[in-house]
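Read from first to last, the chains carry the letters A, B, C and D; within each, the first residue is number 1.
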Amino acid sequence: MSQSRRSFASDNVAPAAPEVMAALARVNQGSVHSYGDDPETRRLVELARRTFETELAVYPVATGTAANALALAVLAPPYGGIYCHDIAHVNTDECGAPEFYTGGAKLLPLATPDGKLRAGQLAVPIAHARAMGVHHVAPAALSISQATEWGTVYQLGELRELTATAHAHGLTVHMDGARFANAVAHLGCSPAEASWKCGIDVLSFGATKNGALAAEAVIFFKPEMARDFELRRKRAGQLWSKLRYLSAQLAALLEGDLWLRHGRHANALAARLAQGLRQRGVELVQPVEANEIFAVLPSQRIAALRAQGFEFYEWPAARPDRQPVVRLVTAYDMAEGDVDALLAALGA
Amino acid sequence: MSQSRRSFASDNVAPAAPEVMAALARVNQGSVHSYGDDPETRRLVELARRTFETELAVYPVATGTAANALALAVLAPPYGGIYCHDIAHVNTDECGAPEFYTGGAKLLPLATPDGKLRAGQLAVPIAHARAMGVHHVAPAALSISQATEWGTVYQLGELRELTATAHAHGLTVHMDGARFANAVAHLGCSPAEASWKCGIDVLSFGATKNGALAAEAVIFFKPEMARDFELRRKRAGQLWSKLRYLSAQLAALLEGDLWLRHGRHANALAARLAQGLRQRGVELVQPVEANEIFAVLPSQRIAALRAQGFEFYEWPAARPDRQPVVRLVTAYDMAEGDVDALLAALGA
Amino acid sequence: MSQSRRSFASDNVAPAAPEVMAALARVNQGSVHSYGDDPETRRLVELARRTFETELAVYPVATGTAANALALAVLAPPYGGIYCHDIAHVNTDECGAPEFYTGGAKLLPLATPDGKLRAGQLAVPIAHARAMGVHHVAPAALSISQATEWGTVYQLGELRELTATAHAHGLTVHMDGARFANAVAHLGCSPAEASWKCGIDVLSFGATKNGALAAEAVIFFKPEMARDFELRRKRAGQLWSKLRYLSAQLAALLEGDLWLRHGRHANALAARLAQGLRQRGVELVQPVEANEIFAVLPSQRIAALRAQGFEFYEWPAARPDRQPVVRLVTAYDMAEGDVDALLAALGA
Amino acid sequence: MSQSRRSFASDNVAPAAPEVMAALARVNQGSVHSYGDDPETRRLVELARRTFETELAVYPVATGTAANALALAVLAPPYGGIYCHDIAHVNTDECGAPEFYTGGAKLLPLATPDGKLRAGQLAVPIAHARAMGVHHVAPAALSISQATEWGTVYQLGELRELTATAHAHGLTVHMDGARFANAVAHLGCSPAEASWKCGIDVLSFGATKNGALAAEAVIFFKPEMARDFELRRKRAGQLWSKLRYLSAQLAALLEGDLWLRHGRHANALAARLAQGLRQRGVELVQPVEANEIFAVLPSQRIAALRAQGFEFYEWPAARPDRQPVVRLVTAYDMAEGDVDALLAALGA
């Protein structure tokens, strides 16, 4: 664990968890069949099925961008459209990876103030697309982020309504779960309830931000949808020959629900930080439901914090008062002391 | 190290080297800037420059397929042609990754019996392509494997002639160095002599088969050619947020030339195995110059070896006598005893 | 000419002009070299240079979608971003053709109420993109429609400011001129003033809506930018073997500025129609500057017109009063009587 | 008709047939619904069904490259493999269009001396591909040319055996029928017998080389396979707004089997030319079964013919005696006198 962790820039600055490192050491023995024909990958499949209480197909890859883009390539043809939030990571932060992997499918962004899409937003654009026939890309999929890029979390009822609407229109549903652990921790439900029981077809299950070196899992809850995934993964250069080293990271996090404990820990720190900020009169621009806080800070305070070694990003946010908004992210490896140090540095 | 290693299937069944594991543990401390803005990645750049004795741009990725496909995407436009051997890994084993990454460029395969292309093979097809104008893909690059897929190694003079011819025709040159260590070990020259001094523009420097968990480096010897590599890497989902874990693997292998010692060790075992096979009257279908042996074995002997737990692949080879050919691969983690055990199992 | 033309649905329902048909008949003699090595294609090049008063590279293709997508594929790499209006034809009506042809580049839509982009809209998103580095697609091009999809026309000063801003940020500029004739007719300037003298790098010069059977020209005002266009056109299946039949259509329209007279005629009819509508108290939602009119019509009046055989589209427009908006398009082949018939059918 | 036609370079140097020009003039009346919702396109569908005696889906496009590439994009996924002859037009003459349209699928060339594939050539490479699993592109389709690029014609029995083998291995079958008319004329069978009754799933029905300005038809004999064709056609910029002008060309050729009479005429001229060449002692390197002749001509005779204004291509052919091979192509618009003039020019 880091001492005096002063970076709130992202949960991806954290190191790997000791359990993950131990798992790598454990599987680093002898010669093992390559490309996933190994005991650790089989163990991962078992753990994933137990965690999600269902049959599924699970594929480890090294990055969240790869997980999302591969999942979307299965769900949307090159002439397809993918509805998503306009601030969705797939739309704004992946340098066009979904367009690359799908062969040119189009992301069709929808806006809301809190990062969560509403079921009612789908009908009009889909009807318009259908009316336009071949001139419009064919509505194919819906991609949602849970937790969202604004640190908010869809309630189960919201998810159910959204996926039911999508399915009714013939769309499949992908969930970008880079921070799925934080969302499940917030909801207090089971992983199954937060995913397939809510109508999610494919989940990008994030681990890199939650204790892995580099590991994400693409999980298909309808395994027959994964038919061509393995070919797509290989041709994308995303199939490791020594796959056990990816599987081991994920298995270590699933074992004993370490991933969920990590998520709860990060959320608790975010709540503590949010409370401290509010007590100091800092305005938060979104409800704090996961491990991200978006706070309004005057430029002098930002500069003061940075001078003391704290790290974080300013966030694009169109505020009427033009005050800067900063993003503060907690992570599984942080301690209460790290949060308190930031609050202390802020002063009154 | 494995005891009683009986798999000669591939060098990718080996575990990671202890030095690599130690490096992972070493960099697993505290919070670190993501996406390559970290000390370990800077250290890798330094080590690579020292190893190759030149300015260069080096980018770590997790798989050889990604390294090759990203490199080729930089060298060839979507309407371009890439000359390669017809048994080149990029042409036969990557499920179309080069086509995917380049946006549809065409591999133009050329044949030889030993896996090595000859400089004289280029002029006619290039002249034909140029004469055909827009109807033919535009000759753009040459990709060669060193060591080759037949376990042979280009001599420096052969390389120089080949790259000079390619450059004279306006092509850039990529080297698939999945087994670059074995080639350099065989040649007894410096890495610089085996690469840019021989006219190689971009090298896929292999490490996964040579002691890493999952790491390869794409090395541009003309850094200005790498201008768009970073964007391509990101949109391919090949940029790790915690890049230090890739950089550390590569740095550990470059440090003190561990990679080269690994290559020499595997080559020595292959030579020992080849000698033992020849002494037992086994025909080898290619010169043994790296760590791969292609041997003619009757089906009963294949079955007998497998019954004793030995693993290896039969190889597609059009022999007039229709006898099977097997591939035997040695690796950095094997011991003389492993080789001798196979020879003993073969009997007289 | 059609008698009693009752379709105001689009200018693409019109037949080809007699001059165009005559040109086809004229070039339909004897055997002629294929793929553009023919006198008619050379004549087109000459006519284009004379029309635009400059050196240029001109390439005929059969559809506007092909013209736009090919042009954008030259301007933007697969990892690039193309700024455009959110209602731009390239963004809404081409089924993802730009994404297909560019290999996955991303259209980055900007909004305005009148279909015209403002120079001031570019700085913030480009700065944001640059700050995000490899996570954001690389800003590469600006695509504008002239006349716009709302039937409005950029003034020359507006164009100059827009292209200067784009160029200052390193973008190239594409103009979708499906209705370039109508725009030039409105502006009363020369084609040169309306294009390269205003900073346009590449123009999709529309002819299909303006008297051709199926013909558009992609015009590069910096011919060196067209270096790879011919290869892209061929691999897109857009190079006709009997290219003279495309070239002849375009040449017939350029000859004696027939294209411009067509544009003036359609504009004049639109102005007459607009005046008649206003006199009848019909609200128009955009200034009528080219050959498209967007009018607010109650559903009963729409039904009544349709019952009398008039054809037109309802247009998506978010009006507070939820009244339908219809689009009425005039064309080169219509007569004043056609317009008057519609007005008469509308009644008081 | 041309007088003194001296170009034997290609059938694509011919003008359009008078019937085709008349059809264009006929449909050039009044305003007509765009994008295929027009009487002429419906008429084409009827004529195609009558010609092929079956239900089918038929889509007109302007070029053969577009027809082939669109058809293959429907048959093969981006990670798929398409078996074809190594001299197939799709493999050698389309600048990578199949790779572009499929999103990177791989053409897997097979060789024979006469341009015709043999059923027995498929089993081994397909078994190899399947054994390699995700490392090899997935065998998806077979594409054959009829008539072939060597001017030979598959017999019906050969076709049946080939398509049965392909189907048995799970492949679909595409026929590049750029010279389908010449093949059917040679076989003396019905179009149905030469296509779907022989197991062809999708046919590129050529017309440009056979009397059209620019028109080909993609014909799906299992219409359900065409589900996504229309979206692919649009995003490829291959959907004409004024589709009637494409449909009219094809309909004019289907009407009264004009296409077939054209094919018979060109074949008869080729036979006459072949006979004359043989009588003059000229060696032909392939049987003359369609409208292409490949003849061995010494360089002086080539020069002499060219000096008299005759045009034709030298053809790449690896002859042991290194003598040049020329291709002579007859076409629907030529007359016996044109052939006789060439023979006369050759002399004894």
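Keep this in mind: a residue touches a chain if its C-beta (ideal position, glycine included) is under 8 Å from a C-beta of that chain, and two chains touch if they have at least 3 such contacts.
Here the structure is a predicted model, which is why all the values come from computation and not from measurement.
Peer 1: Give the chain pair, either A-B or A-C, that is connected by more C-beta contacts.
Peer 2: Between A-C and A-B, the larger count of C-beta pairs in contact belongs to A-B.
Peer 1: Can you tell me which chain lies farthest from chain D, using the average of the Cα atoms as each chain's centre?
Peer 2: A
Peer 1: Could you put a whole-Å number on the gap between the CA centroids of chain A and chain D?
Peer 2: Measuring from centre to centre gives 50 Å for this pair.
Peer 1: Using mean CA coordinates as chain centres, what's the chain A-chain C distance in Å?
Peer 2: The answer is 41 Å.
Peer 1: CA centre of chain A versus CA centre of chain B: separation in Å?
Peer 2: 34
Peer 1: Note the residues in chain A that touch 2 or more other chains, in rising order.
Peer 2: Within chain A, residues 78-79, 94-96, 100, 103-104, 134-135, 137, 231, 234-235, 239 contact more than one other chain.
Peer 1: Looking at the complex, which residues from chain B come into contact with chain A?
Peer 2: 2-3, 5-7, 9-10, 12-16, 21, 24-25, 28-34, 61-70, 94-97, 100-101, 208-209, 213-214, 231, 234-242, 245-246, 333
Peer 1: Quick one: which bits of chain A touch chain D in the complex? Just the residue numbers, please.
Peer 2: Touching chain D from chain A are residues 35, 77-79, 103-104, 134-135, 137-138, 228, 230-235, 239.
Peer 1: Taking the complex as given, what residues does chain C use to touch chain A?
Peer 2: Contacts found on chain C: 78-79, 92-96, 99-100, 102-107, 128, 132, 134-137, 316.
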